[in-house]
Amino acid sequence: MEAVTQSIQGVPLNHYILLSAIIFSIGVMGVLIRRNAIIIFMSIELMLNAVNLLFTAFSAHRGDAAGQVFVFFVMALAAAEVAIGLAIIVMIYRNTNSTDINVLNRLKW
Amino acid sequence: MINLVWLIPLFPLIGFLINGLGRSFLPKGAVGFIGSLTVFLSFAVSLGIFFELNGSVTKSFTIQLFDWIQVGNLSIPFSFQVDPLSSLMLLIVTGIGFLIHVYSIGYMHHDTGFAKFFSYLNLFVFFMLLLVLGSNYVVMFIGWEGVGLCSYLLIGFWFSNPAYASAAKKAFVMNRIGDLGFLIAIFLIFNTFNSVEFAKVFPQAASLTAGSDVITLITILLFVGATGKSAQIPLFTWLPDAMAGPTPVSALIHAATMVTAGIYMIARSNILFTLAPFTLDIIAVVGLATAILAALIAITQTDIKKVLAYSTVSQLGYMFLGLGVGAYTGAFFHVITHAFFKALLFLGAGSVIHAVSNEQDMRSMGGLKSKLPVTFYTMLMGTIAISGLPPFSGFFSKDEILAHAYEHSKLLWLIGVIGAMFTAFYMFRMLFLTFFGKFRGTTEQQAHLHESPASMTFPLIVLAVLSIIGGFIGVPEALHGNHWLAGFLEPVFSASEQRTGASHLDHSTEYILMTVSVIAAVVASFIAYLRYARNNHVPVPDTAERTAFANVSYNKFYIDEIYDALITKPLNILSGFFYRIVDKTFIDGFVNGLGRATAEAGKGLRLLQTGNIGFYIFIMIAGIVALLVYGFYNI
Amino acid sequence: MEILLLIFLPLAGAIIVSLFGKHQQAKTAAFIWSLLSLGFTGYLLDGFDPAAGTQFTVDFPWLLSLGSRFNAGIDGISMLLVLLTNALVPLIILASFSHNYKSPGAFYGLILFMQSGLLLVFTALDAFLFYVGWEIALIPIYFICAIWGGSNRIKVNIKFFIYTFAGSLIMLLGIIYMAQQTPDKTFDLLGFYQLSLSTSEQSWVFLAFFMAFAIKMPIFPFHTWQPDTYTESPTAGTMLLSGIMLKMGTYGAIRWLIPVAPLGFAQWGQTALTLAVIGIVYASLIAFTQKDIKRLVAYSSIAHVGLIAAGIFVWNLQGLQGAMIQMLNHGLNVFGLFFVLDIIIRRLGTRDMDKMGGIAKMAPKFSITFLIILLGTVALPLTNGFIGEFLLLMGLYNYNIWASAIAGLTIILGAVYMLRMYQRIMFGPSADNTLTFADIAGTEKVVLFVVCALILFIGVYPKPLLAISETSTRELIDFVNGKIAGGSPTNY
Amino acid sequence: MNLFYFVAFLSIFFSLLVIFSKNPVYSVLFLIVTFFTFSVHYILLNAQFLAIVNFIVYMGAIMVLFLFVLMLLNLNKDTEPMKSSLLKIAGVVSGLCLLLTLVGAVKSLNVSEPLILKDPGIGLVKNLGKVLFNEFLLPFEVSSILLFSAMVGSVLLAKKDPKKI
C-alpha cells in the first residue's frame, strides 16, 4: 500500500483539477448531444463523479477529512436521485413510449 | 363724508343681495324700489362727497378698507381713492344709474326676470363703483372684470335665444383679451415702480424721462386693456352685438358707464401716457380710425339700437382721439356729456321699442312724432347734442377735442370733422326715419302705439335737460367761459399739463374751427332731412341690391366674418388637430405604444421558453461560460 | 402625536365604514367620520403657528434596517394641503349622497382609506414614508375607479395605474439613490436637503422625481391618462383625483423635487417650465372643441394645473404662494365643477353638451351656483381663482414676460371654453330632456352653497390662507436659492 | 506518478465512449468502467473507504439500476433518434468552451504545487468514521431521511396507475 500512495506523490494538483474539468465537460457534452433521457442521466452521474474526485483530491492534499465526508454524502444523494430519476423515466416511458427528451416539451408558453 | 366712501359701493351690493336672494318672493314693486333706492343712496353720498371735495383744499383722499393680497413685498390693499376725477365719475355712474333703474321699473315691468334684472343691474353698479373708486390698479381691475361679468350676464339676459347668449360670450371674451393686456401692464407697473398704488406710482413716474421703453410698453398694454373695454379697433365688434341685452342695459353699460372705463383708466394714468408720446400717437390714430369706421357703418344700419351702438363706438373713438392728442380734460368732458345724451338716446330708443311692441327695425317705424311726443322731443335734444350743435352739451366737449386735435395735427382734425359730419347725418337719419313720415309697421303694432309711462319719461326729461345744459360746465375761454371742469380736474392732470404746456391756440382760430364743425354738422343734418324727412326715403330691405359701398357698410365691413375666418376657425381647426392628431394619435399613441411594445416583447421572449430541455441546458452552459469569463477575466 | 391621530383617524374610519357592507348608511357614517377629521384639522389649525416652521412632529423608529423612520410633521405648505384634503373629503362624500353605489361600505371605506394615504403624503418628512403614502393613495382610487366606473373603466384604469406607477417607480429609484448618498444611509428629508451632490447627479435625481410628479399632476406631455380616467371614473373618484390627488404632484414638486435637487432644478427647471406653459395653451385649445363635458373639464384641469406647475418652477415667492393658494382653489373649483356636471349627467343621462340646453330657465339656483363656480375657474376678481392666477402670473412675469403672456392666454382661452360650455348647457332653448330638469335641493344645495361661499370668501379675503404658507415658502425659496448660488448647504 | 496519468487517460477515454456510443447498454457498461477507473484514483489518493463505497454503491447498485431500467424498457437497441449533426457539433463546441474556460480559470489561479498527502491516514475507514460520526452526525442521520423519501418516492412513481390496473 505504501508504494501505491508513494506513486501519487508529485502529481501537480492542477492536473487533478484538469482531469475533473475534462470529465465534467464530457458530462456536459453528453447532456447536450444526447436525447435519450437515460444517457443524459448517466452524463450527470459523470459530472457528479468528476466533482467527487476533485473533492477527494483536495481533501487528501489538505489533510482534511471533511472533503471525503462530502463525497460520501454526494454518493448518498446520487443514489437517491437516481432512484427518483429512473422512476420518473419509467413513468414517462410508460406514458409516451419513449425516453426522448424532445418529446417532453410541454413545459412551454 | 369722504370717510364714508365705502358706503357708495356697499349700497348697490346690498341691493344686489336683497334682490338676488329674494327674487323668488319679493313683489316687483319692492324689487324696483330697493334697486333704485340703493343706487339713489349712493348718488346722495356721492353728491355729498363731491361738494366736500369741491370745498376742500386737499384734492385726493385714500381710504383703506383691509389688506387684500399680501405676498412678500407685494401688498395690495383694498382701498378707495377719492379725487376730482373719481368723484365726477361717481356722480355719473350713480346719477345716470339711478335714472336708468327708475326707467327699468317701467321698461322691464312685463319681464319674468324682473328681480334678476335689478339684481344684476345693482351688481353692475357695485363693480363699476369699485372700478372708479379703486386706489390701485388691482382694485380697479376687480371692477374692470366685474363690469365685464355683469355685461355678460345682462347681454345674455334673454339667454333662451342662442344668438343673444353668443353675443354675451363674445363680449366677455373680447373684454378678456383686453384684460390680459391690462393684467400684464399691472405686473409691469409693479415691477417698475414696486407698487400698484396710484398714489405711489404716479409721483415716481413723473420723474422718469419721456419715451422710455418701459413706459411705452406699460401704456401700450394698458391701452390694449382699454380697447377691449371701450370697444376700439380691433376689439370693437362685441359692442354692437351687445345690443342683444335689454335697452336700459345698453344705455347704462354700453353707452354711459362701462365702455367709458377705458377712457377713465387712461385719464387716471395720464402721467404715464404723457410720458409715452408714441403710445399717444397710436391712441389718437386708433381712436380716430374707430370713430370713422363706426360712423361709416352706422350710416346704413337699420336697427335703431345698432345705429346707436355704432354711434357709441364712434364717440368713444373721439374720446380716445382726445386722449391721444393730450386733451385729457376734453376727453373726460366728452365722457360726461356723452353719458348724458347717449343714455338719453338709448332710453328714448327703448321707449320707441317699447311702444312698437319690441320692433327694432327702423324700416318698420316712422311717424311716431305725434304718438310719442315726449320721447320725440327728448330724443331730438339728444340728437342735436350728439351732432355738436351749440349750445348743446356735445358741442363743447367735441369742440374741445377737435381743437386739441387741430393743435396736434391738422389732418387728424380734418378727419375728425368729417367724422362729426357723419355723426350728424346718421343721427338725424335715425331720428327722421323713426319719427317722421308715415307709420310703416303692422296695424297691430299701430293699434298698440302709446307713450311710455312716467317712470320712463321722467328719466328722459332729466337726461334731456342735462344734455342741453351739461356743456356749460366746460365753456372754453374763447367763449368767455371759465371752464369750471378744467379747473376742477386740474389736480389730476396737472403733472401732464406741466409737460405738455397749455393750449396756445388763439381765439380767432378757435372760432374758425368751431364754425367749420358747426357748419359741417348743420349741412349733414340738412342732407339727412332732405333725404329721409322730405323725400321719405326708406332703406331697402335686406334682400334688395345695394351699391358696393352700402353693402360693405351694411355688413359692417365684414369684420366679424374676417375675425371668424382668421381667428375663430383656425383656432377650432387647431383644437381639433391637437386633440385628434397630437393628443390621441401622437402622445397617447406613444404611451399606448409603449404598453403594446412591452406586450409584444413579452410575446417574443415567450418563444424562448421552448420546453426543450436540451435548449435550456444549452443556454445554461452559455450562461456559466459567460459568468466564468466575466468573473475571471474581468471583461 | 397629533399627526398620528390625523393620519390614522381616517384609516380607522375606513375600517368602521367598511363594516357597513351593503347598507346605504355607510355614507352617513363616512360623512360623520370625515367631519371628525375636519374638526381635528380645525383644532390643529388653531394651534398652528405659521412662523414656527415644522410643527406637531412625530419621529420614531419604523423600518430601521432600511434606514427609514416614521417622521412626519406639518409646516405651512403641508397645512394648506391637509386642510384641502380634510375639507374636500366630507364635501366629496356629501356630494355622492345622491348616488346609491353598490356596496357602499367598500366605496366609502376606500375614500377614507385614500384620505389617510394623502395625509401621509402631505405630512411625511421621510422619503420612504412619503413613497409609502404615495402608493397607498393610489390603491384605493384604482379600486374606486375600476369597480364603480363607466363602461370602459378597466382598460382606462390599467393605463392610469401603470402609467402613474411607472412614474412612481422611477421616483423610487431616485429616492433610493439619494438615501445611498446620505452619510448614514437614511431616508430623512432633511438629510436629503443637506446633501451636496454634483450637478449631473442632481440632474438625474431631478428627472427621476420629476417623472413621478409630472405624471401625477399631469404636465404635458404626460397627461394622456388623465382625460380618459376622469371621464370613466365615478364622480367621487374624479373629484378625489382632480381635487386632491393631483396636488400630490405639485406638493411633491415643492417639497421633494426642487429642494432635494436644486442644481438639477437649475439645469432642468426651464425645460419643466416650458412644458408646463405649453401644456396650458395646448390643453386649453383642446378644450375648445370638446363635446363631452367631463372631458372638457378634464382638459381645463390640465391647463390650470399647468399654470400651478409653472408657478412652482419659476420658484419665486409670488409664484410659489400663488401655487399654494391655487392648489386649494383648484381643488375647490374642480370639485365644484365635477359636482355640477354630475348633477347634470345624472339628470340628463348624457355627457354630450349638444344634447343639452336651456337648463338655466328650469333651474335658476343651479345656474347661479354653477356660474359662481365657473367664474372661480376662469379667475374673475373677487373669486378665489383670481387670487391664485394673479399671483401665479405675477410670479411668471417676474421670471419672464413672455412666459407670463403665454400662460396668461389661459385667462382668455379659459373664458372661451368655459363660457362655451356654460352657454351650451345652460342657455339657449330647452331640449326635450332638459324641460323637466329639477332645481337643486337637499344635499346638493348644501354642497354647492358651501363651495360657492368658500370661492367668494377666499376671493375677497385670502390673507389668512396666504399667511399660513408664507413663512414656509419663503424659507424654502431662500434655502434653494442659497444652494443654487453655490453656498455650502445652509441649515434648513 | 505515471500510473496516475495512465488511469486519467483511461477515465477520459471511457467517459468519452459513454457519451458517444450509440447503444445505451454499451454506454452503461463504459460508465461502469469509467467508475472503476475512478475507484483506482481513490485508491491512489489513499481514500480506501471511498474507493470501496464507489465500487459497491456506484458500480454495484446504481449502475445495475440503470441496466435494469434499460432492460425493463427494452431500450438496448440502437433506437435513439440522434440529434442533427449540427446540434451535436454545437453541443461539443459548447462543452469544449466550458472546458476551456474552466481550464483557463484554473490557470489564472496559479495553483500548481504538487499534491502531497499530508495525512495519508484520513481516507481509512476508521478515521473517516470518526469524523463522520462526530462532526457530521446530524447530516448523516438526516441523509437517511433523504434516502427514505427517495425510496418512497420512487416506489410511488414507478408503480402503475391504479386506475389502469
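Read from first to last, the chains carry the letters A, B, C and D; within each, the first residue is number 1.
Rule of thumb we're sticking to: contacts are C-beta pairs under 8 Å (C-beta built on N, C-alpha and C of every residue); 3 or more make two chains touch, one makes a residue touch a chain.
Note that the structure is predicted; figures quoted are calculated from it, not measured.
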Pair joined by more contacting C-beta pairs (A-D or B-D): A-D
Innermost chain, taking as reference the mean of every protein Cα atom displayed: C
Inter-centroid spacing, chain D versus chain A (mean Cα positions, whole Å): 4
Whole-Å gap between the CA centroids of chain A and chain C: 65
Interchain centroid distance [CA atoms averaged], chain C/chain D, Å: 69
Averaged-CA centre spacing for the pair chain D and chain B, given as whole angstrom: 102
Set of chain A residues in contact with two or more other chains: 28, 32, 35, 102
Residues of chain D whose C-beta touches two or more other chains: 83, 87, 90-91, 94-95, 98, 102
Those chain pairs that satisfy the touch definition: A-B, A-D, B-C, B-D
Interface residues, chain A side, partner chain D - complex: 1, 4-5, 7-19, 21-30, 32-36, 38-39, 41-43, 45-46, 49, 52-53, 56-57, 59-66, 68-69, 71-73, 75-84, 86-91, 93-94, 99-100, 102
Partner chain A, residues of chain D touching it in the complex: 1-5, 8, 11-12, 15-16, 18-19, 24, 27-28, 31, 34-35, 38, 41-47, 49-50, 53-54, 57-58, 61-62, 65-66, 69-70, 72-73, 75, 80-83, 87-88, 90-92, 94-96, 98-99, 102-103, 106-107, 111-120, 122-123, 127-128, 131-132, 135-136, 139-140, 143, 146-147, 149-151, 153-158, 160
Contact footprint of chain B on chain D as seen in their complex: 83, 87, 90-91, 94-95, 97-98, 101-102, 104-105, 108
Complex interface listing, chain B residues touching chain C: 20, 24, 66-72, 74, 116, 138, 141-142, 144-146, 149, 152, 156, 159-162, 165-166, 168-169, 172-173, 176-177, 179-180, 183-184, 187-188, 190-191, 571-572, 574-576, 578-579, 582-583, 587-588, 591-592, 595
Residue numbers on chain B that touch chain A, as the complex places them: 606-607, 609-614, 617-618, 621
